[in-house]
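For reference, chains read A, B, C and D in written order, and residue numbers begin at 1 within each chain.
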Amino acid sequence: MARRICISVIGASVAAEGELSIAQELGREIARRGAVLICGGLTGVMEAAAKGAREEGGLTIGILPGEDSSSANPYIDVPIVTGLGFVRNVIVAYSGDAVIAVGGKLGTLTEIAFAFMKDKPVIGIGTWAPEEGRLEGHKLILAKDAKEAVKKALEIINTRRA
Amino acid sequence: MARRICISVIGASVAAEGELSIAQELGREIARRGAVLICGGLTGVMEAAAKGAREEGGLTIGILPGEDSSSANPYIDVPIVTGLGFVRNVIVAYSGDAVIAVGGKLGTLTEIAFAFMKDKPVIGIGTWAPEEGRLEGHKLILAKDAKEAVKKALEIINTRRA
Amino acid sequence: MARRICISVIGASVAAEGELSIAQELGREIARRGAVLICGGLTGVMEAAAKGAREEGGLTIGILPGEDSSSANPYIDVPIVTGLGFVRNVIVAYSGDAVIAVGGKLGTLTEIAFAFMKDKPVIGIGTWAPEEGRLEGHKLILAKDAKEAVKKALEIINTRRA
Amino acid sequence: MARRICISVIGASVAAEGELSIAQELGREIARRGAVLICGGLTGVMEAAAKGAREEGGLTIGILPGEDSSSANPYIDVPIVTGLGFVRNVIVAYSGDAVIAVGGKLGTLTEIAFAFMKDKPVIGIGTWAPEEGRLEGHKLILAKDAKEAVKKALEIINTRRA
């Protein structure tokens, strides 16, 4: 099996400084642990995470909303061009073995919901914590920083694969 | 202009009795007011709303997740066959001039979020009220019953069209 | 069962005069026979077909590529807003009980292929006749004019429903 | 710029022996030349191409139609999970800097058409050669074998990037 572990990092395309440095550290940590970084391929949290992963020699995949690859940030190795607009959020959520959310607004909320619909582990740093009664048993896992988030993601992925 | 006013009703495919009767009354009221009912085309809230609309002679459109029309509930006049799975939620959200949510779980949450992303009015009866700080200025409009929900939806639609 | 017969008309957004008058007559004939017209909602063949259907009091559905309804031609009763770009061609192909192609270029070819993939009857007037050896048993049905095309479409639909 | 050159290989999920060995050699050659292999992730031509690329240490991306990664063939490094059914063909076509078709049936035809719609170079080995009058100036480039196909693809990609 060639199959690599993939972790999706989600968050806003315009983000606060603090969120960007968390995202960059997430990218670094994902690469250090040998996983592939998947993100939406654009700016903000997506770019910071890809930059971090590249710094550690990791592989970065950007699932782009547009119809060509020109919008990909410069740290994306492989742009996946969907032409689907915001609908590409679903593919970001489905393609990670785990999803890590940093802050985020409406788009991030859709990605968390689609990840839960497929029973993916979702780890959040300062993000949405939707009203639990409606989550059909799904629960956002909280992490205090990037290192802890990646550690928790990999623990769950490895347990499920075992 | 042939263009008709369209209202999307969203909610769970397995719903409590109380939600079903609200949905059916929503369908009736939408039809009485001359609007087109758009929904996800399946069971639960979707079927009750379509049934109500048909009782009043209204037109019902079902945006189906599957690759053929066989899953449409019996009250759908025009099944739109997408083959897109849960992604069809986005089309339900985008195609209503307003969106009315009845109860609902994760799928409903994604539809509310996509509706907000396109600045649609979203009226809720006993549904998600996501943490406002993250909604980028969007606000769920609450309604106590079906009649009030449709009234509020049409007021906003007509104001925007004027 | 509320379910109505739906016929998709496909063709180019910029079309020759002769194709436009065939499309308009297709729309008229579809409406006269009580079926719903489905199309891509934009200009050219799509607009002419919708215009014809409206002239005869028919119902017209436009499956739009964009993220709002502003691009719908003025003869569309119900715009379905997909935000999916050219991918919406698949929904046009899947949603007709039969598909009728008038002339057409690359987009029309994709719609014919997706219709065949779902075993839909496809009737063509002056359109693609793809190399038969590769069509996995599917065959474009040729028609000489609009009346014949709709007649052939309805015969197959009614036989399949019987 | 991290951005890598990506080549999509398309063809049937059930393919003749001769097509499979061409696909495998395509995968090998793509990897030898340092490009990333993109494919639909399933069996047949997709699997043979991914197997070839892996033999030469290349990176393989599979754009899957289903809602989880279980259908990926064993030579896929990174499964992109779309949940979009056949619609994922569009993403395969859009994501390659060039597209190489081996044999193929209806699905392959849709991919060729979508690639042309985005003005991608499409190289064919024993595949569809659609009626040229309707192709809006696009032309399938013929190749006699895998080596020539990859060579032609890279020449066009490099010329465009220069």
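Following the convention adopted for this analysis, a residue touches a chain if its C-beta (ideal position, glycine included) is under 8 Å from a C-beta of that chain, and two chains touch if they have at least 3 such contacts.
Small disclaimer: the values here were computed from a predicted structure and weren't measured.
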item	value
Repeated interface matching C-D, over half of the contact pairs identical, chosen among B-D, A-B or A-C	A-B
Same vs different contact residues, subunit A with subunit B, by half of numbers used	same
Averaged-CA centre spacing for the pair subunit D and subunit B, given as whole angstrom	40
Cα-centroid distance, subunit A relative to subunit D, in whole angstrom	27
Residues within subunit C bordering two or more other chains	67, 83-84, 86-87, 90
Footprint of subunit A on subunit C - complex, ascending	67, 83-87
Parts of subunit C lying in touch with subunit D, wherever the complex brings them together	86-87, 90, 104-107, 109-110, 113-114, 116-117, 128-131, 134-136, 138
Subunit D residues touching subunit A - in the complex, by the definition given at the top	1-4, 6, 36, 38, 50, 54, 59-61, 63, 67-69, 72, 74-84, 90-91, 94-95, 118
